[in-house]
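Next up: some structures, all given as structure tokens.
One chain, chain A, appears in both complexes that follow, with chain B as partner in the first and chain C in the second.
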Partner chain A sequence: MLSGIDYFVVIAYIVGILLLGYYFKRYVNSSEDYFLGGRSLPFWAIGMSIVVSDIGAMDFVGVSGQAYRYGISVGNFDWIGSVPAMLLAAFIFIPYFWKGGMYTIPEYLGRRYNPTVRTIASLTWIIFFAVDLGVLFWASAVLLNVLMGWPVWASILITATVVGIYTYFGGITAVVMTDVVQLVIMFVGGLTLVFLALHAVGGYNELVDKITTMGPEYRQHFDLIQPSTTKTPFPWTGILFGLTFVMANAYMIGNQAIVQRCLTAKNEWHAKASMIFGSALKMLIPILVLFPGLMAIIIHPGLEDGDQSLPMMIKSTLPPGLIGLMFSAFFAGLMSSVDSLLNSTATLFTKDIYEPYIKKGANDKHYLKVGKITTLVLLLVGVATSPISSRYPGIYVAIQTFLSYFQGPMFAILLLGIFWKRTTQWGGLSGLVIGIAFAVYLNTFKSQFFTIEDPFLYVSWWSFLLGFVVTVLVSVFTSPYSESRLSGLVYSSKKKEQVT
Partner chain B sequence: MLNFDWLAGVSQESAKIVFLVLFVLIGILVMLIPNEYAYEGVKKEDRHWWNNLKLWAIGVLAVLFLIYYIF
Partner chain C sequence: MDTIENREKLKTAQINNALGVFIFFFGLVVIFAMLFTETFVQQMTDLAAGLVLCLIGGGMMLKSRKTIKSLKLK
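Our next item is the complex of A and B:
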């Protein structure tokens, strides 16, 4: 249970973030301000925002749980599963999107392929974000329940209310600038827990010795590279093919919540720099999220649910006051993820669905209003869908499973769309639809096809490959767009522009 | 086939080398990026070694290489 000083820290944090977020209301006068921050933000704020948005409740709770069960191999997601993809995004993809003045990734797909591809991509992301919101809410509720004994639904509603208010009023500028503060709090709170817990187990060497001698199932807890025959969800083949080649790129290049931040940059250098700066910060994340799970193996052995390891570590390791700080750090991760999803989904719906299909040519104030209302509606959907995630054994794996349905095929058509001008609209549409259908099929019948516990990395790779092949094959037999139609949308046209 | 059975004979050590080589390759590709492109958006008179994004990227890759080399 929290003490008086912990409550004070948490409440001060929540009120401070609310006021800070609300302050940025004054900068929102148009839909561009609401969705792209008036394209005026600096790289350091965007980079911090990218990182903190990517580590929410699911990482604090879920990754600690994975580390408890499988060891440091889950850290691959923040290292090789982020850094190379962020560099690729920084130097190749982000400049395209930023120069094109785009609001959404599906907007690019619509220009490159056709409106149907844009709509499918956009709707898929909207559905995913709604489910993702539910996962985030549930993660927060689990932690609050363990720590404070709060009823699950009360926790969800409090979180939704706080985040909803500042996101509704301040748009993406409020989201990014509150993220900066949230990252600092998260690092301070997380590192404090790691430092004290490491001290409690007798230091790093002691930690390694104790865990690796606990039994055969713990011998590979400190191996990043797991054999391809491992029963964990992280064989090196899955990490290389599924994560590094597909999911990481798809996430960093095709994820609206990530890319939209870079589109708020004040110029192209800031857009690129934000991703690279973010990749540097990203490498520190496993220290915050992995170590508590590893140390819980020593301090709280035999937990039935690994996801309980972080809450248990907070309760047993931190003194009053610091529990409140760690609790605020957890809130920071949760809020930054939720606000990103809210604003990005509002952007997707307003720009890709509402504007082209429901009301074309309305004035800008109208679209601003639609964006704000969408934010509220999504919040309600997220709250309502939150119990779904409780059916999955690990929260983090659950979210990766949702992602693996469509990340692979989406990345395949994005990659071919930019680098191969012969790719046709029908090729892209077929690759996307068949690839997603294949991913759903593989996931549904995974026990018949795969030997590992949760094969989401493999599903992602194979659906990417099929999406890629189908796009190429259909493109070969259908007519491509003219060179002038593709100007500024494919890599070869950019090279020609540079020559001329 | 879907489980990458044909790679079951590759040891963890060999797999680690594959990862390390990948980082080196990415580093080489980063170095091949023209300086002009890495500085795009920065005025000519404001261009210094510390805002060369290629160096930022190489620094990040070096740390990543070290992490995978150790673990």
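Our next item is the complex of A and C:
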């Protein structure tokens, strides 16, 4: 599938990343170094890492495919579905987590509510990440098999070895810094592809004219806002309520893999700036992954599977060498997703489960060792369980959809926990449990409640809303913590600090 | 306080240097790929992309080495 020089570029990238990741071993001397990079990383590296972690190999291909099928409305996920949430996270939420010296989001929930909320939230994330790891390994390996002709098991084993070595030795510093390299390569390759493809179709105006005159199914391809009756998965109601209000905020504020990166910042300013810088980069992502899908409509019309649009564009537009560079970006996307899951799960397990429940008060070296062993065990579990995914074709989508279910209620209790000091521990606990249960119920009987096939945006909205209402109602009837107990955990205490 | 700050700056500079080296050499690999292209446009595309990578990597290397040198002199 690829030429010799392209393989050489991909292999050079893999070997280079391996060496680079291993180099960061020298900066890991404590558990804080391993999980939080010694709280010394600069904003630009963290911002780049946040963006890259968000785009896996599957998303890369998926967004182009969606643009091929539905047009630019898929860009909402990176624009309105990310930027406002990242700014909110930067100015309101991240400072609490960073100043509190926290390692995990469940740790905040534990301090704000009670240890049960912390454990439920942490276990939910651990189970999700662990299952997702195997699924991700398999789905991405199948993708690489289609794109590059690599045997599935070779992809899984190469990825596991490379990611395993640098994540095991280098911790989050290696994770963040390898992401920086990936972003640079992705931008250089992606912008070259867009420039050459745009030139091939005759410029932007020509692109719009040609697509909109191709037939009725293409007339809405350049409408960012789709009507609520649209057959696409992106009606404006779902985009606004499900994505913008709930999922985007839940993802940027409540997702351990994202927030943990901000906690590695050298100071509060860098922590905030990382999210703001990340949001600026995020606005450019649709240009890289969405436009190739649109241009493929003209250059490769009538593709049966829209997900083939990006690989086809790469092969037909880019010269040898840059094809290898773009496929390196695919591979890097896979590595980035895997390393994030590994490090975040190791952090959650060590800090939220092992330290409070299994061995309290051990020395730091012990927790560092536990973190490293957890990383290794997870990797082995991920590789061993990956073939199970092949027996369940819809499992990748199911797992990603599951994420949207518990993120809604978790965001509801995070939001109320910070902004409403009257929220009680029992309110938070009930909101979380009932919200998740409701999301599962809605998903199980989705055909009775929704007209679109994949209503994950609506499910996240309604589960958020119920989680929110239940938390408020239960809080009203139970007694809250004292003001001193909530110091540094709620917004009103910050305002008081500023006054005094 | 100053020692801790310097140590952190040194760490950041060393990390940037490592990243710079990687990106620079990866850029060279892309420029080398010019030898395997067929048309002038393809050659120029590889050259431009490779040079951009070399410039980014080279810039990071130069700046970080300067910082490392100044910190070690202190």
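Simple rule for what comes next: the second predicted complex is superposed on the first by the 471 of 500 C-alpha atoms of A that agree within 3 Å, B and C clash if a C-alpha of one lies under 4 Å from a C-alpha of the other, contacts with A are read in each partner's own complex, and residues count from 1 in each chain.
Here is the rule we go by: contacts are C-beta pairs under 8 Å (C-beta built on N, C-alpha and C of every residue); 3 or more make two chains touch, one makes a residue touch a chain.
Because the structure is a prediction, the values reported are computed rather than measured.
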Looking at A:Pro151, would you say it contacts chain B, chain C, both, or neither? Reply first, second, both or neither.
neither
I'd like to know which partner A:Pro301 touches here: chain B for first, chain C for second, both or neither.
neither
Should A:Leu224 be classified as contacting the first partner (chain B), the second (chain C), both, or neither?
first
Of the two partner chains, chain B (first) and chain C (second), which one does A:Lys272 touch, if any: first, second, both, or neither?
first
Just to be sure I read the superposition right, which of the two partners does A:Gly488 touch: chain B = first, chain C = second, or both, or neither?
neither
Examine A:Gly203 and indicate which partner it touches, taking first as chain B and second as chain C; both and neither are also allowed.
neither
Look at A:Gly321 in the shared chain and tell me whether it touches chain B only, chain C only, both, or neither; answer first, second, both or neither.
second
Between chain B (first) and chain C (second), which, if any, makes contact with A:Phe24: first, second, both or neither?
second
Where chain A meets both chain C and chain B, residue numbers
none
Taking the complex as given, what residues does chain B use to touch chain A?
2-4, 7-8, 10-12, 15-16, 18-19, 22-23, 26, 30, 33, 37-42, 51, 53, 56-57, 59-61, 63-64, 67-68, 71
Which chain A residues qualify as touching chain B in the complex?
72, 79-80, 83-84, 87, 90-91, 95, 222-229, 235-238, 240-241, 244, 267-273, 276-277, 279-280, 283, 442, 449-452, 455, 458, 462
In the complex with chain C, residue positions of chain A that touch it:
3-5, 8-9, 12-13, 16-17, 20, 23-24, 27, 38, 40-42, 45, 173, 177, 180-181, 184-185, 188-189, 192, 196, 266, 318-322, 324-325
What part of chain C is in contact with chain A in the complex they form?
8, 11-12, 15, 18-19, 22-23, 25-26, 29-30, 32-37, 39, 41-43, 45-46, 48-50, 52-53, 56
